[in-house]
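In the two assemblies presented below, subunit A is common to both, partnered first by subunit B and then by subunit C.
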Partner chain A sequence: MAHFTKATSVKDWLNQRLAIEKVEKVMASEYWIPKNINFLWAMGMVLVITFALLLVSGIFLLMYYQPNVNLAFDSVNYTIMREVDFGWLWRHVHGVAASVVFLIIYIHMFTAIYYGSYKKGREMIWISGMLLFVAFSAEAFSGYMLPWGQMSYWAGMVITNLFSGGSLHADGLVEWIRGDYVPAQAFLNRFFMLHVLLIPVAIMGLIGLHFGALRIPHVNNQDGEEIDFDAESKKYLAGDKAGSKVIRFANDFMSKDMMVVAIYLVFFFYLVFFHYDFAMDPVNFDPADGLKTPTHIYPEWYFLWSYEILRPFSTNIGLMAFAFAQVIFMLLPFLDRSPNAVPASRRGLFKFWFWAMLIDMIVLTSMGKVPPIEPFGTIGFYAALTFIGLWILLPIITIFEKKA
Partner chain B sequence: MKNSSRRGFMGKAFGAVAGVGAIASLYAMKKSWDPLPSVKAAGFTTLDMSGYKDNELVTEKWRGKPIFVLKQDAAMVETANKNPKDIERLIKIGDAYYMVCIGLCTHLGCIPGYRPDSKDFLCACHGGMYDATALVTKAPPPRGLDIPPFKVDGNKLVLGEEGPEYKKMKETGITL
Partner chain C sequence: MKNKEPLILVIVVFFSLVTYYLVEPFAHSQMHKHVESEGFAYADLPSVKTGDATRGKDLVMGAGACTGCHSIKSADMPAPMDAVSAAAAYGVNPPDLSNAGAVYDAKFLNALIKNPAHALMVEHKFDAAKGQMHPMVAFYGAGGDIDQEVADMVAYLQSIAPKADKLTPKMAFETACGRCHAVRYEKWTQIGETPTFKFKKDALAQKIKVLEYQDSLTKYMGKLPPDLSMYIRSRGEHYIKTFVENPQNYLKGTAMPRVGVNAEAADKVIEYLEDAGDAKRHERTNVGINVMIFMLVFVIFAVLWKREVWRDLH
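== the complex of A and B ==
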């Protein structure tokens, strides 16, 4: 048995039993972050804070929400919004955070693409990040079902129908997922379970994996420079803080991080208090009706780009294009054949690829929002083709890239 | 050595038992997600066909899904007769022809809207179009609206039961 001595303080008592000093060093004060970074490196912490906001607001919503097709709509729109003190606050925080979290995820993703932060040992960071994107998408979709309004119902109908696989006609699979011929009680109950238990647990596990994947390769920097973290941290600990290329995660880096978080939270709560309506589709304030489709069904803004890749094609080709769009980002570290882990601006053709991809996704997003009429249908069609074309071009242009 | 081989055996034995258990529990989980018997049993709807008016779309409900019933007027029957694919989709009861189908777009399940003036259906979600017998005229829908299993019973139509007329439609590929 380990030897314990009489503790000299509470800290010492805990230290003997939990090694809290060692844990603090490993997790914070001796976890090293490069100095050569900018505010875009704070998006991870912004996401952690947003996830915490979702969790806390979700806990309060969960206390009054009723997962029953007859009660769900009123439990949200009457009980939570009118009866519960500050119920509106939790709902608006939850709704706004669910939307804004995707904005930050996209910024976080495109930062990684721009700076090449998915290469040279950082592949698992990218892959775990994309798995988080998938889990967040499933979380957003299952949560969207819960108010049981018209958009909830019809989004549920359309998305579960995707699983019939077009001409495969796997109607049995669709009915199995729903637990009924159409979205009904069984459907609402199981998506409630997914939203409040299974997917959040998966997300928390994936966040652990994402952080773990970061430890060995460390955070990338603005020049993609390979830093000897052992040597630089020794320099720092020896007192040469100015000469070292790294700083402590806490409190040094965290103080910068929390500055960005603070600015973000001002913007976030401005939306919660004054512009929550952007996250609340007016159509979803009509109760679900299986016999009346809304005139125009569209997903929330963050799914529009992949929806637009589905839309301009016939069913089978559309489904294949959609499936392609869902998985292709996951393969980025392997499709980019260049060993250069430097900012896109120094990578020749990849610079144009990056901006073309970003602009194409914005075009797809805008076209996904408008009704399927001309000229939007044609623009969407070519934007979808451009998306697929860019991914086919990526290995070709990167293989010829000169060593930077 | 002796010990380690015993441990190896224990490990394999445990793995085998746990594997069987895992497969069995996956089966139980799959079955737990199946539609309940009560859901499946509530799957029949009877329609009285005498009340419908020419060129007026009525939406009925079967298994939670909208069912379109459109009694064809003389002009529509004449148009349908020109195309065997159209006329075969109609159900004849007495002297009248009815279009009866599941009112969910075969693309992704939205409800198309009927336009009585142009006598066609338009799906607002992705712009698919169907003619008066719900045969597809404009993509993305891959096929006409599906016809639910039906049985003609005098002047009544029972949805959910497969009558000879429905079986024939299925055999000839008129519906899925």
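== the complex of A and C ==
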């Protein structure tokens, strides 16, 4: 057992038991971040804040929400929106944050792709990040079921149907997932459980893994420069703050993080109070009705690109393309064969690959929402082929990339 | 080294806005038919004569005229039947006419009295040649100039109706929509607002009445007209207004009649639906402005703190 002395202060008392000074150093004041970064590096903190907003607003909503097919719709639209003081605020914060969090995730992802932050020891950061993307997608989908509106019901019907596997006709699997032949009480209850317990717990664990994965390879910088963190941090601690290539996480980097967060929150709350419709589909304000299929069924905007990879093909090919789209980003560190971990602008053909991928995903997103009439059907079909083609091309163009 | 942040910000904002434009305004313009409002002008209906309310009163109150079926509570004319029996007889309870002059457009009322199925745009449902008579009997004239007589009746209804500023959202909704549509978030049923009962058996008796009424209405309309509690969020003001103006524009062959409200009453109906489905809208705007001010102040402090910390780092 360790030796304890009579404490001289509360801080000393805690220090002997929890080593709070050491923790503070490891987590904040001597957690070294490269100085050569731009505001895109603050997206992690923006995501943490958005997740906190989702968690807090979700806790308040959970106090009044009723996971029952007869009560769910009214518990949201009447009890929370009308009866509970500021219930409307929590709901709009939750709904808008659920949509905006994906915008930030996509910015965060494309930042990592552009700057090559998934290479040379940073593979686990990328993989844990993609696992977070999967977990957030499941969280968003399960949450979308809860108001039990028309889109909840029919999106639940369509997405669970995917598990029948087309010609495999695994209808038993679909029934097992639903707990019924159609989305009903058992379905709502289990998605409620997933949304408020299992997936949030998984997300919090994955956030821990994602942060942990950063410790050894350190944060990347905007020139892909390899920094000797030990030497640079000694320089900083010796007083040469301007000459050192690294800065403390707190308060140096955090002050910049918080500046970006503050500007982001202006945008976020503008959406919450004055422009929330994009995040709360009108169709979902009609109560679920299994006898009345909505004219257009489409997922929320952040799933549209993968939906459009499914849609233009026949059932079996579409499902295979869809499955491909779900896993392929995870494999990015291994499909990119280039030894260079530098920004895309200095990487030859990969530069064009990056912008082509970004634009193709926006085209897919757009075509995923509009009805599959011409010319949208054709545009969507070729955009889906382009998506698959780009991933097949990636190892080929990167293997010939010259060492920068 | 050159500061690339402004350029990066422009690129991020540009691609975000392009995506927003494509999935919201553009996609919705492709999914939904756009119908321009006609401004509640009812241009397809003929223009009307100036009426005389005194003569109109005799026609409205006369034997076999309006009050044979309609109540006028403000003129102490009770309904001949209760709502449930009336719905069993006609399919839907004929409206009380106290507010009709304020809620309905004058041209529409004139046309309605002369040919209900035509004014209501439900001729596809009521074809006299096939013996499908509209439950409201057309007025065939009292012996004089029928156009003048109808104008007199409308003038009388307008004379007893509340002035525009006295017409509440609830009155407008009840007269125009409330006999077919329930709004459960406002405790509104097709037979009126559900009171609070002391005894459960009274509450159940009321519920049975509502169900009986709804059964008749379902038979009459083909399906039970939807509850409108959340329509302000699920359909929005523009859709509701243009739908009410001419339901056939959106749903060819629908049993929903043209309602014939005037522009002011349409605004009142919208207000009623906003109170039901978007009750906290004023609070939202007020809180929103305060939060925006707070956040802008927060930005100023955040920028100052960052500059303070980074002064030594450059």
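Assume the second predicted complex is superposed on the first by the 404 of 404 C-alpha atoms of A that agree within 3 Å, B and C clash if a C-alpha of one lies under 4 Å from a C-alpha of the other, contacts with A are read in each partner's own complex, and residues count from 1 in each chain.
Operating definition for what follows: a contact is a pair of C-beta atoms (placed from the backbone, for glycine too) under 8 Å apart; a residue touches a chain by one contact, two chains touch by 3 or more.
None of these values were measured; they are calculated from a predicted model.
Room for both subunit B and subunit C is found when the two structures are superposed via subunit A, with no clash between them. Applying the stated contact rule after C-alpha superposition, one finds that A:Pro282 touches subunit C and leaves subunit B untouched. With both complexes superposed, C is the one of subunit B and subunit C in contact with more subunit A residues.
Of the two partner chains, neither subunit B nor subunit C is touched by A:Ser345.
Judged by the touch definition given at the top, the superposed model places A:Ala186 against subunit B, while subunit C stays out of reach. Here the vertex is the CA centre of subunit A, and the angle it makes with the centres of subunit B and subunit C is 60 degrees, a multiple of 10.
In the overlay built on the shared chain, the residue A:Asn70 is in contact with neither subunit B nor subunit C. In the superposition on chain A, A:Pro371 contacts both subunit B and subunit C. In the overlay built on the shared chain, the residue A:His296 is in contact with subunit B and with subunit C.
Per the superposed model, the minimal spacing between any CA atom of subunit B and any CA atom of subunit C is 11 Å. Across the superposed pair, subunit B and subunit C both touch subunit A at residues 295-296, 371. Those residues of subunit B that touch subunit A in the shared complex are 30, 33-36, 39, 43, 59, 61, 63-66, 104, 106-111, 124-127, 139-142, 176. Per the touch definition, subunit A reaches subunit C in the complex via residues 35-36, 38-40, 74, 77-78, 81-82, 88-89, 92, 103, 107, 222, 241-242, 247, 251-252, 255-256, 258-259, 261-263, 265-266, 269-270, 272-274, 278, 280, 282-286, 295-296, 301, 304, 358, 362, 365-366, 369-371, 376. Interface of subunit C with subunit A (complex): residues 1, 4-5, 8-9, 12, 15-16, 18-20, 22-24, 26-27, 30-31, 184-185, 229-231, 233-236, 277, 279-280, 283-285, 287-288, 291-292, 295-296, 298-299, 301-303, 305-306, 308-310, 312-314.
By the touch rule above, subunit A contacts subunit B in their complex via residues 154, 157-158, 161-162, 166-167, 169, 175-182, 184, 186, 190, 290-293, 295-297, 311, 313-316, 318, 371-373, 377.
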